[in-house]
Amino acid sequence: MFRHTKHLQCEAKPEAPDALYAMKLQELIGGAYGEMTVTMQYLFQGWNCRMEGKYKDLIMDVATEEIGHVEMLATMVGRLLEGAPADTVAEAVKDPAVAAVVGGMNPQQAIIAGGGAVPTDSAGTPWNGKYIVASGNLLADFRANVAAEAQGRLQTARLYNMTDDPGVKEMLQFNLARDTVHQNMWLAAIEELQEDGLEGEIAPNALFDVENQEHANTIWGLSDGTAAAQGRWASRPAPDGEHELRYLDQPDPLGGPASAPPPDPKLYGTFAGPGGQGSAKGASKATKGGKGLADKVKDALE
Amino acid sequence: MFRHTKHLQCEAKPEAPDALYAMKLQELIGGAYGEMTVTMQYLFQGWNCRMEGKYKDLIMDVATEEIGHVEMLATMVGRLLEGAPADTVAEAVKDPAVAAVVGGMNPQQAIIAGGGAVPTDSAGTPWNGKYIVASGNLLADFRANVAAEAQGRLQTARLYNMTDDPGVKEMLQFNLARDTVHQNMWLAAIEELQEDGLEGEIAPNALFDVENQEHANTIWGLSDGTAAAQGRWASRPAPDGEHELRYLDQPDPLGGPASAPPPDPKLYGTFAGPGGQGSAKGASKATKGGKGLADKVKDALE
Amino acid sequence: MFRHTKHLQCEAKPEAPDALYAMKLQELIGGAYGEMTVTMQYLFQGWNCRMEGKYKDLIMDVATEEIGHVEMLATMVGRLLEGAPADTVAEAVKDPAVAAVVGGMNPQQAIIAGGGAVPTDSAGTPWNGKYIVASGNLLADFRANVAAEAQGRLQTARLYNMTDDPGVKEMLQFNLARDTVHQNMWLAAIEELQEDGLEGEIAPNALFDVENQEHANTIWGLSDGTAAAQGRWASRPAPDGEHELRYLDQPDPLGGPASAPPPDPKLYGTFAGPGGQGSAKGASKATKGGKGLADKVKDALE
Amino acid sequence: MFRHTKHLQCEAKPEAPDALYAMKLQELIGGAYGEMTVTMQYLFQGWNCRMEGKYKDLIMDVATEEIGHVEMLATMVGRLLEGAPADTVAEAVKDPAVAAVVGGMNPQQAIIAGGGAVPTDSAGTPWNGKYIVASGNLLADFRANVAAEAQGRLQTARLYNMTDDPGVKEMLQFNLARDTVHQNMWLAAIEELQEDGLEGEIAPNALFDVENQEHANTIWGLSDGTAAAQGRWASRPAPDGEHELRYLDQPDPLGGPASAPPPDPKLYGTFAGPGGQGSAKGASKATKGGKGLADKVKDALE
Amino acid sequence: MFRHTKHLQCEAKPEAPDALYAMKLQELIGGAYGEMTVTMQYLFQGWNCRMEGKYKDLIMDVATEEIGHVEMLATMVGRLLEGAPADTVAEAVKDPAVAAVVGGMNPQQAIIAGGGAVPTDSAGTPWNGKYIVASGNLLADFRANVAAEAQGRLQTARLYNMTDDPGVKEMLQFNLARDTVHQNMWLAAIEELQEDGLEGEIAPNALFDVENQEHANTIWGLSDGTAAAQGRWASRPAPDGEHELRYLDQPDPLGGPASAPPPDPKLYGTFAGPGGQGSAKGASKATKGGKGLADKVKDALE
Amino acid sequence: MFRHTKHLQCEAKPEAPDALYAMKLQELIGGAYGEMTVTMQYLFQGWNCRMEGKYKDLIMDVATEEIGHVEMLATMVGRLLEGAPADTVAEAVKDPAVAAVVGGMNPQQAIIAGGGAVPTDSAGTPWNGKYIVASGNLLADFRANVAAEAQGRLQTARLYNMTDDPGVKEMLQFNLARDTVHQNMWLAAIEELQEDGLEGEIAPNALFDVENQEHANTIWGLSDGTAAAQGRWASRPAPDGEHELRYLDQPDPLGGPASAPPPDPKLYGTFAGPGGQGSAKGASKATKGGKGLADKVKDALE
């Protein structure tokens, strides 16, 4: 269960309105790597965490903080939109700066939100649930978290350079710092997962015995750039300590042709049939002829 | 420019059809962490890479390989669907296994694709461009790549356990191996970026001087779980070697109330006005009263 | 079945083109509360209405009118785009007004539609079927209809202030009036549903006997603002005449911890197991140990 | 800023797992009227509320509660999935109940979430930001809130009948009660807005003087059902006390033909031109010939 | 403006309910090539048609018919869902047929629509506005219409084989016939466009003089299948009568390397700079050094 | 499997940057008819092609070429963005041209991609898998391909007129030529399908015997425009040589009323019941009373 205080985690007060910047700042609210994403990603990871204790508690701490970041940004956007032109354009656009604003501002912040933030990114694309991941595997998820915080800090840094409003810059200085902490923190948590023996270097820490050993070390050179072979990644032990990466230049494919089986006649796929000029011979061997699912269940039932 | 050979990178031949599994395997084609995602993510990263040389070449090598992985999986799905029930249901569902298949199979693989793969995930959600990231910052992007390969191997491993078809398992053994290589490879490439002095531990490697130092080390404890403070992440140097993470238990907020400014009357936000019972006093100080964008441009023009 | 006349329900002729406004007006065509939404919402409600008679007939009357509203707006947008700059920018942008238009106009209206309306909102987001609801419960649906007409009139009013073109204003004056009628009409229809004894004040009019009585009256105060307790909603009978709303200030949670069960090992969730440092003890009691679905069917089959 | 306690607002413990039901329950998490929707809708409404005081505090109270409802449902789904078949199908589907589960369960809950909840609805469609509205006009928004709670309670009631698990039913009895409270509460808040003189019966409470009076009372009968005229809505004062609704049977259209202007030649719309067999005469009068936006700005600049 | 009669264009009465088929039939309502698509595609094409007369009238005739097809299918789906299991599963799934239905039916048709149709396809993906095209160029659009009717008839034919309900088959026999008419009709309309001299064989009928003549005839052989050269398309005049298609086997690329320019330092793209080990030399020539847009406008203003 | 060369199929070097045009050009990358669409459409069609030989080889040749077109356009966009304003706005917008650019440029190309292309269209809508079709029926698919190339050439032609940069124009001259070839090629391939006896004029080439003959020739005149009857399509043999199209002016509907069956009480649809004022009499005959799916399976099992 959650509780809320009216105070913002950090102040979010611009010196002056800037409707054009309010549109750009939406990226940090509803973008793929915005605060709605880390909020929901960490909440679902926390609820889906399979162990009580320090990892789960850490996830829930940060998840709860991130809801407050959405709040800070939504507040900032509302304030940046104060006094934005909501009137007819003709009077407004007499000078270039206003023209840029009028041309570039997000009309939905006025039409839909009455001068407030919307749950979309800076191009107006609505936030959606596919932006997040919560797999239950903490190594895989913490890596996604490091990646999200890295993209988030990168976007924040870019936006930092796009304004000279001291109030906006002050808030973003806080956000940059939090993104630094959180990158460090998830990196440290990955180290700890490994030190605690819960996960290794490769996610998931399983099925190494069945995976195809012959192809677990090779980088396939399929583009004609040759410099890839010069990276030290191709000449020393892999980070997991178990493999030796090496570079194959223009290797041959291993499989047969990519044919498709003959179509069910009731699905009306174009097909010449055996002996036809289209020649479907290869296709007829698409499957190896073993028993299908239904056959196996019948066997089991007998 | 690209070229294509008809041979699959690795064989993709099931022993027998299995329409239910064909639906699940869609996750690896058009899911958020499926092969369409890594294909497009690496292609756009390669095209957006700002340096000629080993990094760009590596990205393009792997990108080109991944197109072939979509091909392998699409071929496998087409073959798994051979002979799938496309007829009336009444005859088909006399035994439980077929009933499960009929109930669970993806109707669009028949209705739309005539027994083939579709560019969606295992729930039928279409693949979309927001699944990928190509920021131009290689540290941020390689971290996203490690995360993608980790989620990809995890999903492949889960799907590996959901079939006992030797042909499917054989292909997935190859895919597992490739996901292992690629995790190792992107981890090694991150090491190399740092050794080459191109990036540090935090992305982007900039703005550390302006970010709020006071808040660049602290984990905010905002959930009542206390075990988060016991992680070693809270008591030793951060991975970047520059910070000392520490845990704050239930810290106070730093900002003022999250108020919104008075609305433009022409936008019809509900508002009592000054002195009204709704009391908008706090809101009137939402911005600090500096010059807006238009004012500053006017100054500059004079 | 439907029939069409070429005449618009109401004239849609601007005095002069305005490409920037044509972009904004898209909100009323393909926005979440635009005319495509009410068209499809009312059509599906009509087709899904379970009673022949006045309610169904009313729904179909309004649904049919709304198709014509999409027509009016699409016609208006096409006319507002007449002569919009489709040429190179350099000549066009010599004055601020044109610059604003060139910067702000929707490029897809030219590139995709050749100077016509597109089925998207003012940010270019395509209309989608999730904008509508047709539940079969007329109280629930008529409330959604009142809400849609209210948001629709609000957006129309905002757009009314963003133009001074007499022809556009004339059409919007008609639209405002229709949105007023339709709000009144759906409100009246809700009254009638209740007077006819078909629905009550709460949707659906059922399961009051099983719902948790203890928690059917209380407003939970979970944010530190205290003014919510001063609303008269917290001190007099509820609108349904059956409940007495009252305010609980900072109540305690009722449930246990939000733990998740141990993962299936084949799904590779990170898990320390019993006795491990992660401590999954709480999780092991996540379910109460009753019979699962399969067990119950087996019992029934015996 | 937010804080979190590990305890659930209400217990969420099923008696036994039920993977098929876990798929259905997703509707209440990530559906258009699920808990993610009311969470985000109320949060953005609270942040966008233009008056400090009781309304804003109420919104934030309920918003904060709703985050906890997502938590309850996500926890319930994780527990319902305990022990769900993640293995090969052949052994599993020997009896009909398991076959139904295997066919009908959501594969993404296993493949993506490792046996947990996902931020999607019961058909696997991801939650998105267009599900919510926060317009700044409290009458319009509270009506959307009543509608959301009505649809939410309706869906909860339907799901209540689809299980006989006592633990699930117990949680849903709580949810039903909360949906009842919240419908009553938003209805009471609408009454209060009107009693406080902040809003009227029609949203927004403006532009009545300019809207087309002639068309502000009439229900247009455009479908051949005639019973709509018999509703009392067509023969007594409208709910706003200002209008008299009346029914027009098969009225004539008011506007001219829905023609489009001649296309810009550089956009290659098919067009015969004046005198051609296609006859574009009507179209040439599509606009009335007033000054365009650019002309008016030029005038203003002089 | 539109009018509606309650009678269906064609009867839509199944002999018996079939919830599993009701899910599949959704493809024809809200799928990419379903009736919502042709409805909206033809409506927007009609409104965007630039010539009064036979073409526009034809488009509006068919558009109006298609709204009625959505109605037929929505009615059919509602009737197929009569009596569908909305209760607990345990009792229901004692036999395989019901198990298949319970596993495979669309839960949203019950939970959201109360036993009715929803505006989605057979996988639950909501219909969206990007499914349609209305470019203003009638040749381009009529080709899209032929394609839509072809896919629509194909899907209808597949669904025809998936039921043996005489009532459903009777309706689909009507739909198949309409799809045949409409394919013929749009093909005839394309012929007429060409006979009327309005369009040619290639859309748009323009810019042939500027397009690169050298590359307007060649099929590039970039896959190692060689049979493509044997098609008669590679050895006789092209359909437009202006070109001679011919096959190039494994041609060389024409352009330089796909390099990207050096990044703006404030965007933090990874970059070694001139002389660095990353070597960005190629990139520095990415543009040819002409005047940018701003420069040209400045020139024009002087 | 695929291979890649660094050289572009055709040069993609602008004379000078133009950030506003870079936004527009996105339509050709990630738009519904952009290069990502034809890439994925042809790849899936090739993989789903049921006959080895010339058709499949042709599809794969063109698919492989199209990947290279995405590459050309992404390269062009990156170069057009060189030096785009990523800084504060105040200094930048002193002249109208820059103001237009600042207002109109795509902020995500900077914030997300660091000055590169994004997988979206010109309005920022992400590319998605529903843009493509691969049905297995080559006639239906080749028609979709002709339509895609026609829309693609049309959009390219419109964009050609929106720039005067010689380098951009040069690349688009190549693209226009390729779109001409590909339209000719798919048209020729349709001819060949028919000459080879694989497909006819109507897709699919089946079920003509069962489709409703009475309604396979008639164009229904449901809009009051009468010119549609004057098209030669209404007075001569249909393109398939089998039908005679004719025009019906305002025909009567063939079916009964569009009623819905009584709702399941547990789904809480509003319903008056038999004898109630709502009168559901018609609805009770919605289905004809035959055996449902479950009944028929039980019969079959006995």
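Which chain is which? They are A, B, C, D, E and F, in the order written, and residues in each are numbered from 1.
Assume a contact is a pair of C-beta atoms (placed from the backbone, for glycine too) under 8 Å apart; a residue touches a chain by one contact, two chains touch by 3 or more.
Nothing here was measured: the structure is a model prediction, and the numbers come from that model.
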item	value
Labels of chains that are neighbours to chain B and to chain D	A, C, E, F
Recurring contact interface, reference D-F, options A-C, B-C or B-D [over half identical by residue number]	B-C
Interface sides of chain B and chain C: same vs different residues, half threshold	same
Chain centre separation in whole Å, for chain F relative to chain A (CA means)	27
Interchain centroid distance [CA atoms averaged], chain C/chain D, Å	3
Where chain E touches two or more other chains, by residue	1-9, 18, 20-21, 32, 47-48, 52-53, 55, 60, 63-65, 68, 71, 75, 78, 86-87, 89-90, 93-105, 110, 112, 114-116, 120, 123-126, 128, 130, 133, 135-137, 139, 154, 157-158, 161, 204, 206, 222-223, 225, 253, 257-263, 266-269, 293, 296-297, 301
Of chain F, residues touching chain C in the complex	18, 20-21, 23-24, 27, 31-32, 96-97, 99-105, 121-125, 154-155, 158-159, 161-164, 222-225, 250, 253, 257-263, 267-272, 276-283
Residue ranges of chain B in contact with chain F within the complex	1-9, 30, 36, 40, 43-44, 47-48, 60-61, 63-65, 67-68, 70-71, 74-75, 78, 89-91, 93-94, 112-120, 126-130, 132-137, 293, 296-297, 300-301
Chain E residues touching chain A - in the complex, by the definition given at the top	154, 157-158, 161, 266-268
Residues of chain E that touch chain D when the two form their complex	1-6, 47-53, 55, 86-90, 93-96, 98-100, 102-108, 110-112, 114, 120, 123-126, 135-139, 193, 196, 198-199, 204-206
